[in-house]
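In this document, chain identifiers A, B, C and D correspond to the written order of the chains, with residue numbering beginning at 1 in each.
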Amino acid sequence: MLKITLDNLPKLLAALSELGELQVPCENKSGKVDFEKWNAEKRPRFDITLTSKSAKDLFFPQVEDLLAFKTKGKNLSIEQIMPSDKKVILMGVRACDIKSFELLDKVFLKDPVDTYYKARRENTLIIGMACSEPEETCFCGSFGIDATAPGGDVTTWITKDALYWQANTEAGKTLTEKVADLMEEAEASKVEEQAAVTKAVLEKMPLANFKVAGKIPQDELKTFNSKIWEEISAGCLSCCTCTYVCPTCHCYDIRDYAVSDNHTERYRCWDSCLASDFTKMAHGNPRKTKVERFRQRYMHKLVYFPNNNEGDFACVGCGRCLQKCPVNLNIVKVAKALEVSEDV
Amino acid sequence: MQKIGVFVCWCGSNIAGTVDVAAVVEAVKKIPDVAYAVDYKYMCSEEGQKIIKDAVEEYGLDRIVVCSCSPRMHEATFRKCAESIGINPYMVEIANIREQCSWVLKDVKVATEKAIQLAKAAIAKVRFNNPLHPGQSQVVKRALVIGGGIAGIQTALDIADAGYKVDILEKEPTIGGKMAQIDKTFPTLDCSACILTPKMVDAACHENITIHTYSDLEAVSGYVGNFDVTIRKKARSVKADICSGCGICTEKCPARKTPSEFDEGLRNRGAIYIPFAQAIPKVPVIDREACLKFKTGKCGVCSIVCPNGAIDYTQEDELITEKYGAIVLATGFELIDLENYGNLGYGRSKNVITSMQLERLTNAAGPTEGHLVCPASGKEPKSVVIVSCVGSRDTSGRGKTYCSKVCCMYNAKHAMYIREKYPNVDVTVFYIDVRTPGKGFDEFQRRAVEEYGVHYVRGQVGKIMSDKEGNLTVFASDLNSGRHLMLNPDLVVLACAVKPAKDARKLASMLTASIDTNDFYVEAHPKLRPVESPTAGIFLSGMCQGPKDIPETVSQAGAAAAKVIGLLAKDKLMTNPCTAKCNEQICSGCLTCTNVCPYGAISGVEKEVVTLNGTREKRVVAVVNEALCQGCGACTVACPSASMDLQGFTNKQILAEVDALC
Amino acid sequence: MLKDAAKFEPKIVAFCCNWCSYAGADGAGTARKNYPANVKIIKVPCSCRVNPMFILRAFQRGADGVILCGCHPGDCHYSTGNYYTRRRMALLMSMLNFMGVAEDRFRVEWVSAAEGAKFAEVMNDFVVQITALGENVKLRDLRCKK
Amino acid sequence: MQKIAELMRAKAVELLQSSKAERVLAWRAGEFFYDNAPAAFNDVDACQEIVYNEFCPANLAKYLIEATKQQKKTVVFLKPCDTYGVNQLLKDHRIKREYFYAVGTPCSGMLDVKKIKELGAKAITQITCEDNKVIVETPYGTKEFAKEEVLLDKCMMCKGNEYKIADEELGEKLEPIQFVGDRFAAVKAIEAMSAEERFAFWQEELSKCIRCNACRDICPACSCEQCIFDNQEAPVGGKAAADDVEEQLFHLIRAYHVAGRCVGCGECARVCPQGVKLGLLNLKFIKDINQFYGAYQAGEDATTPSPLVSYKENDPEAEEAVQRRG
């Protein structure tokens, strides 16, 4: 394990940014912290547990051009628009978000492979960061995630005075070699100490005992027909906030944009199963009502996804939806309702 | 796949002189969906139209773009042409490459480029055109004439003679208007009343004419062929059906402090009065603001003296509603206020009068029984000064910039009949120009100078002063000699400018008729449609459209009548199909649109609609009455959900044009 | 790919109401009152048909200036249309200003059917103004420049 | 506030039992003290779950659209500021008066958990409010804030304690938040910037937008059957901000669409997950409308037409109006 004092951290960041595009949580002008390309003027905010948006944006951006078709006379040409092949170093990712990459991989890297996602994913090196000050909305533990051991190509811990660094993968080791000069050897004891404190805090959190696995009936039809949906969805506004801040939601729509008479671009953009025009086809929308759409989102996260992915729920307990829902509806409420509901 | 034909017109050299029409044709041929493009010398000609028709047959065109002059010119022509070959007329778009291109640009390259762009925009729009079908509406065979002066009377008589019902609406207690006040008319000097009153009687007796005097227009809705009008018949306080018109009440009325409107304030009238002897109807009216009974509760003399018991103090305004197919505006004129012309002494000296007051002073039925006297002294004047263009042709901002047109002639008339009756009275006319175009007009004015010895001085009157004794001093300049003049006439007559009636603006907004900056009603076309308002079904007669003399007024009145007759002769009218249309599937029924519709054409109707989810639901949605909608599009922008769209100018069509031009 | 300022030819869209301003434009043509080819007219029945979104779309698609012409207030063929237009556009213009975009690139003018000369004058003036402002980049969808 | 919650439960039960209504719209407790959610209560038993405290900012008015569609007479608890939204929905004919029974619910200002967190309270386990003190418990210790520090922004622009529509009022009115200062101060600050600064400000703000549409979906003036942004036929962009311009246009059009109908409740800004200062756009329109066309408060009543569907003959011209702004 290596360490670097926080005073010298900018030097490490500078060195890393030489090796690739360094993305770290930064505060923008209006006070939101999100992953941004680092430069010497930007102050990283590793003290913030959760970025406003999840880290999935790096691999699955809100909007992404796919291809362009151009006509010249009667000839049509199609060009694929691939993401740039620049190396990205994504630093300061929490355990929950790192777990989300694993879940997204199951979607995008399965056959048929999403080449755009794959390109971005392969070009990115992940430096995880352990949590030390969890929020009351955190419930990654419910999914067996250890907030103090996030993984990634490299894992880091931040204490009062230093950043601790541990390479996990080959790529992580290669990276470490290039910046090791800036750091010194360190004992793991400080890190272990911190982890114990963090775990103790997590235990005091309201959601410490909230569990999903084994609690929610995985019988698709039964859960689907549960009586809870009508009532619990009543408050939902059908906005897409939860979807867009969720690190595991991955639906998108594909649209065309006419740049000019003979030039059209095809792009994809985030979409949400809560939107009334989601998967709308010529005959209309397959899920006509808010209840059906609301049910779809949670059935997918809590039932369909685990049933198709070795029991992995499509939730990592980051708590963003708990923080952001305009009307305080969230996956915890739904899961709890399903659990207590007698008819499932 | 659409098949668009593009037809580029040369308009002789009008377009082809500046636009390379062949290049336009070549450029549009490359655009997808353009199946055929050609240019021709005169597309609007029979031969040109044949080219279009042949191309439609040969290439199976379903949409037509004509690059030519303004659609205001020939859109109708090309629509008809399309219709004749079985294409819906609304599948035609015009690219205006003459007025907007060849006529405003000089460089051929630049003009050609712009022409191509305009053609592209028209092609982009026509792709989204849909066949539209005009609806039909019934025509109510009744006309309303607003204003009962000579213009209104003549219009009504002509319409009535053609066999159609016509109502005259007059705000004063009698019809007759300004012409009834005039003594004699130029250039023949025949008695105004002698030629007017028979017409008034004709109108009153005509079986097809109904006269509503002392009445106002309360509300108008509807559209050409189908106007719904509410008329407020103000309370006369006299039962018209019982009153014999004997006039005893008007003589006995003790409240005599109100200046007579008809006599231009030169004498007072009673609170109950008949404006003049030949008034129609000859039924008095109580001016409630002047009447002691109404003001104090005490009096009631008229009621006592009335032999028929016709006085009714409790009478109330009556609202009557009627349907009309056409409305004629004949609201006439009034004289401008002279408050901005304090330098001319009007209002300060009684001996400074307006021309209309002079008409009353010389009229045998007037306050002086036709004796010309100075109002202040009651004595015959020894010299009179007439000042032209008071408030006319005035660019200083005090008056009107236009020429009132009738003053030069009536000044000559006034001067002439003063000199005729009182040869010893000296008459001087100050003028800027003497304008006498008209049959026999110039001869008339020359007679004033040559036979009657009227002094015409080209020059302006700067100031008119009045001393304690009421003696007037006129300060003027003689432009021909360059001298300053100082005259001491006994009487000064101001030929003041005319202006449209006070309520012209209010009426215009009620009727959605256009008015110009001077409040004169605007005609649909200054040359080709001079008696029609741009608003269908509204026609113009007389001074309300612009200054004119009696012969012109009468001929315009006849012309307006002819147009009305033409309209009423139709059983049905085709309505404009470019109306608003509501997509009921997404209409939320907020009815914001109803607030901005000037025609009340939109209403909320509860009906079963198919929702976006394909389910059925009963809810209120906006429904457009196509017969009422005039297609302005105000609702389309007010609509928050874009469920309201305007046919012929849909969001898609306009945006296609935007995209094509950007 | 900013063009040379001297050669910059702005794209200008003019929305003209059918009854007054379009006729005014015809009047300019009839009287041979020249105005630059940059101005392209879109005919609408009334200025009140112009949705603020049309104006934004024009800017988005690359217009450097947008001008909306209607009958003088009080003279609207539909009697009240341009009164609504005036409010709508005042708020739009103010908001464009507030967002730091395009206020000067958008103008509302009342041109009557009789004012052919004024139409040409207004357009000449507007072209000068927009040319001086240069290319619209703030509200232009950058993809349109590809 | 606890007392009010009791009154609410009792009132809900009373109204359901007297068959004056079929269901009740109120708030239900969440996982934490601060995450109460709007909820429908269909029977007397369920009504016992009704909660009310300083964390019930959501306006229940918009749920009345559904009640109207279902023709179910619904009891709705409305804070004074919520009543403006109800009037606006009535004006827009989206709800019908016969389908709801409005109970005025006193409010002394709602608190912002985001502000509490921004002030350094992490891992909140309990929040208690005493008079003007807000006490926050965390594993790291107890924190105390003054109420003014942690009030929701929208409550800083409190419109007072009058109910603009109510069938009855619950208990005594509470003292409204006395807001001193100018509600347009932030708008004016932007107006005072140079055009370039304004542009930069909005670029920065709007680039944060993720187009979740929460601002639209919470808005009592946004109640269309189908929003233009969801309408492929409408002249606006699609669901995603495909680039900066579309973000600008989305926010401009959203604010424009509610101009004259926006009651100024501030919910759009409150619910933005990205903290975009989009409420300033709405406030700008309100300020302009007041200045150009005379003071107007949407939702004050259910009948006065909006300034954008009315006019005066002597309204200022667009250019004139913009210049007059300063």
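Some notes on this structure:
Convention: a residue touches a chain if its C-beta (ideal position, glycine included) is under 8 Å from a C-beta of that chain, and two chains touch if they have at least 3 such contacts.
What you see is a predicted model, and the numbers here were worked out from it, not measured in a lab.
Take away chain D in thought and the touching chains that remain still make one piece.
Farthest chain from chain A, judged by C-alpha centroids: B. Compared on C-beta pairs in contact, B-D and A-B come out with B-D as the pair having more.
Chain nearest the geometric middle of the protein is C, using mean C-alpha positions.
Note on chain placement: the centre of chain B and the centre of chain D lie 51 Å apart, centres being C-alpha means. Averaged Cα coordinates give chain A a centre that lies 71 Å from the centre of chain B. Per-chain Cα centroids separate chain C from chain D by 37 Å.
If you average the Cα atoms of chain B and of chain C, the two centres end up 31 Å apart. In chain D, the residues touching two or more other chains are 226, 235, 242-243, 308-309.
Residues of chain C in contact with at least two other chains: 51-52, 54, 57, 74, 80, 84, 88, 143-144. The multi-chain contact residues of chain A, meaning those touching 2 or more other chains, are 257, 276.
Residues 69, 92-94, 223-228, 231, 233-235, 257, 261, 305-306, 308-310 of chain D are the ones that touch chain B when the two sit in their complex.
If you check the complex, the residues on chain B that touch chain D are 585-592, 595-596, 604, 611-612, 617, 619-620, 638, 640-643, 651-652, 655. Residues 258, 276, 283-285, 288-289 of chain A touch chain B in their complex. Partner chain A is touched in their complex by these residues of chain D: 30-32, 35-40, 42, 58, 62-63, 66, 118, 122-125, 139-140, 204-205, 208, 210-214, 216-218, 226, 230, 238-243, 267, 270-271, 273-277. Put simply, chain D touches chain C in their complex at residues 187, 190-191, 193, 195-202, 235-236, 242-246, 248-249, 252-253, 255-256, 259, 281, 284-285, 288-289, 292-293, 307-309, 311-313, 315-319, 321-322, 325.
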